[in-house]
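Structures are listed in the sections that come next.
Shared between the two complexes below is subunit A, which has subunit B as its partner in the first and subunit C in the second.
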Partner chain A sequence: MKKKLATVLMGIMIFTLLAGCAGGNKATEKEVNTDGNAAEVKATEGAEKEVKAEEPTTLHLAIFNYANMDDMDAVLKKANEITLRELNIVLEIEVIPGSSWQQQMNMILSSGEELDIFPAFATPLATYVANGQVQALDELLAQYGADIPEAIGADYLDCGKVSGKLYGITTNRDLAAQNGFWMRKDLCDKYNIDVNSLKTLEDIEKALLTIHKGEPDLYPVVPQSNAVPVGISNWDDLSNGLGVLMDYGKELQVVNLYETEEYKNYTETMHRWYQEGLIMKDVLNNTETSESLVRSGKAVGAFAGMKPGFEEQVQRDTGYEVVRINLAEPLSLTGNAAGLTWCISSNSKNSEAAMKFLNFAYTSFELNNLLIYGIENVHYKYVDKDNNIIDYADGLDANTTPYSPSLGWAWFNQFKAAIWNGNSPDYWNELAEFNAKAIKSGAMGYTFDSSNVKAEITTCTNITDKYVRALQAGVVDPKEALPQMNEELKKAGLDKIIAEKQVQIDEWVKAKGNQ
Partner chain B sequence: MSNLQQTKVKKKNKKRKRDSAFFLMMLPGLTYLFVNNYIPMTGVIIAFKELDFSVGILKSKFVGLKNFTYLFQTQDAWLITRNTLLYNFAFIVLGTLCAITVAILLNEITVKWIQKVYQTTILLPALISIVVVSYLVFALLSADNGFINNTILNALGKEAVSWYTEPRYWPIILIVVNLWKGFGFNCIIYYATLISIDRSYYEAASVDGASRWQQLINITLPGLKQTVFTMTLLSIGKIFYSDFGLFYQVPMNSGMLQNATNTIDTYVYRAMSQLNDMGMASAAGLYQSLVGFVLVLAANKIVNRYSGSEGIF
Partner chain C sequence: MKIETFKRKILGVLFRILFPIILLLLFYNFYSIHIYNDKIEQSNRTRLIIYQNQIQKKIKNVETFVAEIVANNYSFQQLVNTENSLDAYTGAWEVMQSLKSNLAMQEEVGGYVLYNKDKKVEQAVFIKGFTYDTQLKIRKYVTSSLEKSEGLSKEWHILDVGSKPVLYRILGRNETYIISFIDMEKCSLAMEKGNDVSRITFCTSLNQAIVEKDYINKNQISFDYDNDNIVFSGKPRHMVIGEKIQNTDLSLKMMISNSGYISNLNHVQLILMIVSLLTILIIPISIWWIEKYITSPLKKLMDTMERIKEGHTEEKMEDDFGIIEYRRVSDTFNTMIYEIKKFKIEAYENEIEKKRAQLQYLQLQIRPHFFLNCLKIIYARVECQKYQQIQEMILAISQHIRYNFKDNLSLVPLQLELEHIKNYIRIQQLSTSYTIEYDISIASKFYEFKIPTLTLETFVENSFKYGMKPGVGLMLKIEATETKGKLHIRIEDNGTGFPEDMLNIINGDMENIYSDQYVGIANVKKRIKLIYGEKASIYFYNSNHGAAVEIVFQITEGEEGDQG
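Up next is the complex of A and B:
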């Protein structure tokens, strides 16, 4: 009898347990429903005002954030007013923390969750293409995106092409790269260093040695967090550095970077610097940014990627006036522009509306300004209306703002937006000129397809991981490490990757000539 | 004859009735296990596919064993397999010895509150995130500001060591870190077994004049045997896996240490950070679990043969 009772009780327990779960599900469903209704109500209100009979299309968009974007809902509401008015489109934006962006995007795209537009960032565009997660955009662009090529330039648009088809559209930002060195100006003045005479690594070395003698407690050169410091950049790394085009990609001859005279000289110089005490001892394990190390009075300078307005930016971040020495010409590569491109997901059922939206997004001042800087007088205020210069709204600063203006480079076209206080009023033109005047690598627009040499790449990546950071930071002697690495790379099939790249580039050139 | 059958059926029915409450109790757990652990197993087919999300997993191209080749083709295959196996072997042997020793010592402490303090202190490292551990290690080993270089080696008049570029020290460093972090947890399990050994054995032994040492050898250790077997068999199942945090975070991804720190997991991670190929990644996972599965079966068989069905199944 007791057993029977137990069975019955157990049954009831499990039933209530399951019922509990089911109830929970129902509740969330209801919530979703009311949400949907709310959006519909909003939409119909807007539509009535605009006397548009058609139901608005909802586009799902994803974006990453590294700083506070808590006010996205308010911004989105404003953005929807614009898109509803202009395009009869309603946006739903999902903000994903930058630290988990790659994993979450992988989940979203492979689970078939609704997503129309997202930036291919961190995970290479070519990978999304190989996985079939993004749509080819050529036809859509021709039909609905006529203003986009003009907005970002045909050269840079081509960088979103993989095997001849367009999959991603880059944003307007510093699309060329130029490596150089920067350091505190006050120290140069103190030790009577003529800043204008500093041109090459050797000049910098001499200057740093003088400073190092006088200021033994400062690290003369620090890395940017744990990134490898790079003082030269005159090659096209063809997406992974395994087989490159030297001399700014002028000749389309793929070679092994690590066997070139330039690389050898550079790593030897760095090793000498390291032995002379010019490079921070913990260079490989550093986690602080070079700016914060300089700000806290621990360091003199660092290697960095240059762009217009760089000195002003560093001065803001460090509190010191700095000098900048360019060590290479600005160079445009596929990789720079393809570093972040907006894509339409292959799950999207509204690809036409998505392209219409993109076309609008790359040209609209109103929308770009809103998405980048937030709402006027809530998040930002004009300090110079004529020159379009803005700053944080009253009572806000970089730490307290609920909508951080730090994603200008990721939203569609910041050249259409206002300029942040502290930059020159001509900043966007300067940046556009920097992009336009940069040397274009001969292989710009070509994207490497790794599918034939996957196994070789896995091994070679492990080998370069082993040596490259230590070599470029000067920690190891290139006389021993370089030949050793090259031997290992040879065994691992680097030549096969180089040959594959050469074949692909030759074909790419041929296809381009035929167009 | 038919009578006998009838009683058998009746007994069966009775048994079924008696146990039905237990079966019902198992149901939620089984459902969970099925949904969470068994259904996803169908995903192993990804290891044999060139995944294309636009057509879905099932319709993607079947490529046979192509996804596996990169694991064996490379010159590093031997190195990463050796590292993974040797480290795990060392962890199992040293970890078990360490945990048992400390558990026995704990058991000998008679003052309750001191015992509790030790227990907590020992368990504490197991609760610290591996990223924090990596910075604790860095605080000791940093070339510029590290405790060992600046204080200990300095005081001994020895030259500073560049820890993060010298692979030869790392097998010891990693083993020490792993022991420090892991033995507390195992120790608690062994300790729990120890206190469940019947006290009367010890009383009888001391009446018979057995020394402490004899009691340890003849009562304590045999009492622990079953737990040691179970724990070891469970670890052997994971012998082809490595603790990613320990081998990637603790050496701070320092490339120069790769010969001593690259294991199957870190190798696959480094390779996939360039390719993001799900097929190849799942191939590595499948390979690891298959080898682990075979090893567990073999180890269990050996245990059963030599100590008479003391294995876990």
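Up next is the complex of A and C:
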């Protein structure tokens, strides 16, 4: 009897073990299912709650990021408190990594995913308009966005127009650029260079030669990564440089930039600089930013389009005090403002609510502060409440913050937000003044419509890609390269493009005149 | 045949059966595990070979692509041919465009460098992840290796600078080179990592690992160049299998954490293996079981038997055995012991009886009254100076005594008993004035028949003691007859006879009657019983004349031997 019992027990034991192994999976499956159901239940509950309260409108918004924005959810929550209170609107914000911004936006817009408000960035606004992906805002603006023109200025507002209709609203940022050169002050001091006497390219050349002799291992001039080093562009490139308006666009005459004296002189100077070793030899293969190269002590300075507070910014970035030499007047092109504009997508179901929101966004201190800088005392703290100056919250810095304050220029109206520590308390005013006082190109507000010359533009762009970087970096000899390039451009139909642009501008002027 | 204890025998049998079975089971288990591990190793190797092929294919693709450009690309040709620096630049640029678009398409390619020293052409494109610094280091390395006129390489070589290991190959012609770089980290990522159990790395010809360095250091794994065999290395132990990547100086190494056969088993297998190992426990369990239920009870049985043999007769077998057979043995043994004891007791009791009888007999033998009487008579005769009578009496008495003191259980021929009776009667005659006559009619063939001593004489005595009628002399008759194998000896007197109640008693079982009155009869009866058992019997009755005693003996072939 005992034996029988023992055998049976043994058998049960083994069997249970085996069953348990197999059964374990089932258990987890069940868990997952239960959790899934729980989530669904919660969601429906939430939805029901929303339905009960007077149905606030939900707006979907997209934004890109190049730095850490992990805390977007927390910030959004707070933002929604504001929008719900003021507008009965709830936002849903999707953050897309900057490196894949264009591809993802293409996907969203072509898949019919819900999107109401997004910034036209990297991809030109004109492209979105051509694809029918954004809607005209004139009427909506008139009805619900009355505060916006005042917030950014009528001129800049016009930059968001394509073919006479408004499609995008720019943000308050540096909407002009003053081309010039910046370099390390300490080296100037070391070699007894009087920074105040530096006014022209030649002056800079002399100074750099001195420094270069003394510091043969440093790169005197470095480019802004892949960007074309442009020393003195005081022309309106009319979005692609194929046919430009020289002299700050004062004359509305479209010409071939690459045949101008100015351009010839400029590239020859650069070529000379290159041969003198003043330009980083590996300039065409460089992948670092000029600030990064200066920061790591490898470079002296670079050309840049500058704005108020530029030196302080660079100093913050590189750790070196820099001097700034303005080589041109502040110039504002359509492209500056059109570089980023906020649009309402064509398939938005809540266009009115969207415009209402935009109107609010361009005027609300609270909202802008929140979206740009994060939550007070979590991400930032006031260092000077009177002057509205803030800095990172305790324990955070540029590397560790979960909400980077680097998208001020992208959010609607950073002039209506706090000022980051290091800039003068008057910073926004300075910037506004800068924007206001900048020379506006004659074609300001005009955006080139390339549909008639698409093919020519493609070919010409290839050609300019091939030569222009090398020319402006001084790597190739312009005496040879310029004629060759121009010949190729002519063959590729540059004249046609120029003619097309001229026709469009003339029409635009007429149309504007009639308003 | 070898004699051994039951325990040893049974354990021997058990072992001879169990051992092979258990050995077989264990062998089967380990063999299966071994095969299983083999299969795992095979499948790992297969996986490794797949990756090897993948990588070789990628490398081949890049080689083909670049070779194509070097051979056929128009711009490359331009670059090679031209002396004009602008043309060199534009030619290089065009080539770079092709390389750039290829870069975008190929997953694991890290970058390209186009180089012609004389024409001052060095253009590079790398994927994201290569810092400018790293790019410079890589470019410097390859261009300086070109300087050293190492020129074109037959193989891809590993270059590990700036924490971005790359595999590079220099292709080109006419001093114009395209150097291709394969990003080893991306290659490594492309291989399915899966789990903590196996990891893959690349290993240089100097047995340095390219990726997974932390893991390798942590586990102290070291590589050698041998790719054909499996190598074990590291703590905890890892199985390392390798495959060379063709056209490179790299091997692909897979490290599988393997702390022995066991680690590859899943739960069920592990349990089965443990259970089968546990079967070894069958041996001690069987031993214990056999001990408890078979050998131990047996030992108890044996011990008890030993003790009984040594004389502890009160020992009994315990009967709480679990096995029927043992119980039966125990019961039977107990019964046997009981019977033996009973027999012993009976034997003892018999002995005692014999002794008692002997005692009685001795008692009878001594018979003080008789001898005192005889002495009294002798004294009287001495007084009367009847010396002849005295001599006769003394002789008779001494003969009587001589005969009396024979062993009570020995047998004497009938004749001797009769002689003794005659002697006794003579004494009596001499002692008394009464007439004492006798008639002994026994055929001479019976003379040799053996009977116990004093059997007949006792009854004759009794006649003298109790059978004499006053005033009448005593007449005794003793005769023997034979019927059907039985001998009848009868003694009769002319006395008063037995009283009725006495007859009942003396004919019955006189086991416990030892009173003086019946001591003689009782003794005879006893001795007859002791010696003959049921083969003799005595009857008492009253005849016409007086008391009669008849003893019946069973006559066998030979004569009755001494049963004492």
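Just so we're on the same page, the second predicted complex is superposed on the first by the 462 of 515 C-alpha atoms of A that agree within 3 Å, B and C clash if a C-alpha of one lies under 4 Å from a C-alpha of the other, contacts with A are read in each partner's own complex, and residues count from 1 in each chain.
Please note the rule applied: contacts are C-beta pairs under 8 Å (C-beta built on N, C-alpha and C of every residue); 3 or more make two chains touch, one makes a residue touch a chain.
The structure displayed is predicted, hence computed values, not measured ones.
Q: When the two structures are laid over each other on subunit A, do subunit B and subunit C clash or fit?
A: Because the two structures are overlaid on the shared chain, the partners are seen to clash.
Q: Answer with first, second, both or neither: which of subunit B and subunit C does A:476 touch in the superposed model?
A: In the superposition, A:476 contacts both subunit B and subunit C.
Q: By the touch definition at the top of the document, which applies to A:288: first (subunit B), second (subunit C), both, or neither?
A: So A:288 only meets subunit C here.
Q: State whether A:154 touches subunit B only (first), subunit C only (second), both chains, or neither.
A: A:154 sits against neither subunit B nor subunit C.
Q: For A:109, decide between first (touching subunit B), second (touching subunit C), both and neither.
A: Only subunit B is touched by A:109; subunit C is not.
Q: Let me test your reading of the model: by the given contact rule, A:346 touches which partner, first (subunit B), second (subunit C), both or neither?
A: first
Q: Contacts for A:146 in the overlay, against subunit B (first) and subunit C (second): which applies, first, second, both or neither?
A: A:146: touches no partner chain.
Q: Check the residue A:466 against both partner chains and state whether it touches subunit B (first), subunit C (second), both, or neither.
A: The answer is both, since A:466 touches subunit B and subunit C.
Q: As a test of reading the superposition: which chain, subunit B or subunit C, is in touch with more residues of subunit A?
A: Looking at subunit B versus subunit C, the one contacting more residues of subunit A is B.
Q: Which partner chains sit in contact with A:398 here, subunit B, subunit C, both or neither? Use first/second/both/neither.
A: neither
Q: Taking the two structures together, which residues of subunit A meet both subunit B and subunit C?
A: In subunit A, positions 14, 17, 282, 284-285, 466-467, 470, 475-476 sit in both the subunit B and subunit C interfaces.
Q: Quick check: in the complex, which residue numbers of subunit B touch subunit A?
A: So the residues of subunit B touching subunit A come out as 17-18, 20-21, 24-25, 27-28, 51-55, 69-70, 73-76, 138, 142-145, 162, 164-165, 252-256, 258, 262, 267, 270-278, 280.
Q: What does subunit C use to touch subunit A in their complex?
A: Touch list, subunit C to subunit A: 84-86, 89-90, 93-94, 122-126, 128, 130-132, 135-136, 139, 266-268, 271, 275.
Q: For subunit A, which residues count as touching subunit C in their complex?
A: Residue positions touching the partner: 14, 17-18, 21, 99, 282, 284-288, 466-467, 470, 475-477, 480-481, 484.
Q: Could you please specify the touching residues of subunit A with respect to subunit B in the complex?
A: 3, 6-7, 10-11, 14, 17, 109-110, 123-124, 127, 130-133, 226, 240, 280-282, 284-285, 346, 450, 454-455, 457-459, 461-462, 465-470, 475-476, 488, 491-492
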